[in-house]
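First chain written, first letter: the chains are A, B, C, D, E and F, and each begins at residue 1.
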């Protein structure tokens, strides 16, 4: 077992994917922002009456998915064909799910995970004036398809 | 209690900090990447013999701290004066800590949290070929100083 | 009368503002997107029931204000202290107004104009599937204050 | 009739183009910068003797075309195969025309419109020291070809 | 013989490559950073005991390769499939070699040259506190393959 | 003698400049592009009749100076107050000189060197269709002032 991002000088490289076929790729990632119930009330009302924390978070997530290869050093640039972000709210959790699709020669899980991370950071940023101990947690891949490695389901 | 990022049309804005004094600011954020013990062995050996996953993650974190206002829509641009990232490894966890400093009129917690997130995503990216169910968790602020709101310690 | 962005070789330069004092700066710019009444109905309902074209446009405008010096070659980088964007809708026009503030040594009119342009392009993008002949028009400065040149009101 | 950029939660998404065929795409957009005759004289002479406002504007437009998906939140990233920008001068107008080409699965009108907008903002920036009431106007698509929706001519 | 980046108005354009076939492309570029022997000792020990100047330079080079079309105005955007950077050290020279691969319709020599330049600037930046007269030199293409123009070897 | 960019874990950091005073900073860097005499004739005529390779290179250099902290990992972000680039042509050399000024807490030599590098790469890019063995050489600092370390002249 070896880390594939390491060259023969023992330093990082962007893995060579020249030989990989172009195929349809999809990845779904998730993450959770844990907030106080008072903060959640503001997020909920913000979504209806006062502005939309979640819409801003979603825009941030979509734009970050397009920037994944600029944020993650060894990540291949890709021309994404779809990004969608959904939210599910409980009393104290904003659950974020990002679906990214692409036709390309590498998978899109990093794009989905980056979208979730940026959406979470944006929710944090917009709520930090009212709560200082927000946490971002459980960022992980839940589905992946396409390419040689086949389907993955958590 | 109100969300400060909302204008009188109920939409997001970048909060006006024109009146805030320039002061010395510091923030420390943390986060954890949970990996299998086999993956951790590769990260550890990578750090010594085969290339340095953690150095790449660190560079990613530092560069992302400088890009926080480009990733997070309502985040103010700042000219950071220091970014440092440290790691502590257990058998199954890479614990990441980012310290960011600035002289400016807004705090640097988003920069510290962005640095942690990007470093975590980079570790994930470089290890995903050997483990598919890595998780990023417990991203949070642990210290903040400077500005009107004073010191915060978790 | 001379173009200040030209050096003694007859080529462009970024004007030297080292001697200018740091002062409070504000600029307000406006612009208009002309759409069909059917498109306007979708924008309006989008704002209430189905998603918020204007919120996305606003996020785009705020993020673009921060990128003005990356888009406009001779524009000085600035650490903006506030960006706010407002909309006024008529039957066939989305009127956009951007207010940008800064403490710095150059004015912020390019940031305000860039915010308006990006918001307008975003409205265009999100409506172009339903109308192909949308126009963006009347982008201009309406107010400017701060610096040696004093106040400007259109 | 529906806005395609809206997901089933009523929020923005990047439209899924995974099913669209890769085809040759072309778009032409235009826009106008309205200036005083004295400003135009400086632009004209700048083009010959003193530096080239229009060349800088053109470079800005070409670079912005490549950044369209970074400026416009729901715009798909594309690998452009050609960008060209032309100017036509009257006594008080700089008329800008941008031609963008691509082989891809979405059209390039946003890239052409972004190129025109950035070129216009750059002309504004380089002339604003001599004239404060410059206007940018009539930004619109004049030609589009490729993809399912076929040819469009204004 | 003509410069291909010039349009019929005598201004720069991004050359039209719509007609070019997609093919496998590879380019290798090199460059040298000249340092004092004392600086070289710090670089060498840095690689083992104190941190890794070269790893940071390598990350910088890889990330810059992905940004080549954002740095070089007329350079086409490409989705790179591989970037690798190697170093060879003598007593007073860090020799940098970058290998870039792509499937696309334009060559990747600018990406390889940009990678070398950014890696060299990063070594300079990290050593400038101990030596002020470092030089970067001999940046050039040493190999290129793919496309109509065939193989090039220096 | 120690490399200042290394933290106590032996990894890179962005050096802490919180304690440094804000002062006026200036740096001048130079570099040379070596071309064939036929290429030089095209560059020269390009400057007069057919488009302006050097103007595009200059715009590239100015824009890259503003992006230095995005290209060079440990480089501090700065709000530059002036960038100017000049050229001197011999039969086979384009000599590039970049002057960068700033009021800030770190020097601007990396910005000046980045400007020179980007201008050189742009000249290379625009001439590579007519000559394949262009070289970029002798990139170095020739003057620096401001800050604790005082004046440097090569």
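We adopt the following convention: a contact is a pair of C-beta atoms (placed from the backbone, for glycine too) under 8 Å apart; a residue touches a chain by one contact, two chains touch by 3 or more.
Keep in mind the model is a prediction, meaning the values are calculated, not measured.
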Length of the shortest touching-chain route, subunit A through to subunit F: 2
Smallest count of steps, each to a touching chain, taking subunit B to subunit D: 2
Numbering shared by both copies at the subunit F-subunit C contact, with half separating same from different: different
Centroid-based (C-alpha) most distant chain relative to subunit B: D
Chain of greatest Cα-centre distance to subunit F: A
Geometric centre distance via CA averages, subunit F-subunit B, whole Å: 30
Gap in Å, rounded to a whole number, between the CA centres of subunit D and subunit A: 30
Gap in Å, rounded to a whole number, between the CA centres of subunit B and subunit A: 15
Touching two or more other chains - residues of subunit D: 7, 9, 11-12, 15, 51-52, 55-56, 59-60, 63, 67, 70, 73-74, 78-79
Topology of the chain contact graph, where touching chains are joined (line, ring, star, complete, other): other
All touching chain pairs, where touch follows the definition stated at the start: A-B, A-C, A-D, A-E, B-C, B-E, B-F, C-D, C-F, D-E, D-F, E-F
Sites on subunit D touched by subunit A in the complex: 7, 9, 11-18, 20, 69-70, 73-74, 76-79, 104-105
Contact set on subunit B toward subunit E in their complex: 51-52, 55-56, 59-60, 63
Interfacial residue positions of subunit C with respect to subunit B in the complex: 24, 52, 54-55, 58-59, 62-63, 65-67, 78-87, 101-103
In the complex, subunit D residues that touch subunit C: 1-7, 9-12, 15, 31, 38, 42, 46, 49-53, 56, 59-60, 63-64, 67, 70-75, 109-110, 113-114, 117-118, 120-122, 124-130, 132-141, 144, 152, 154
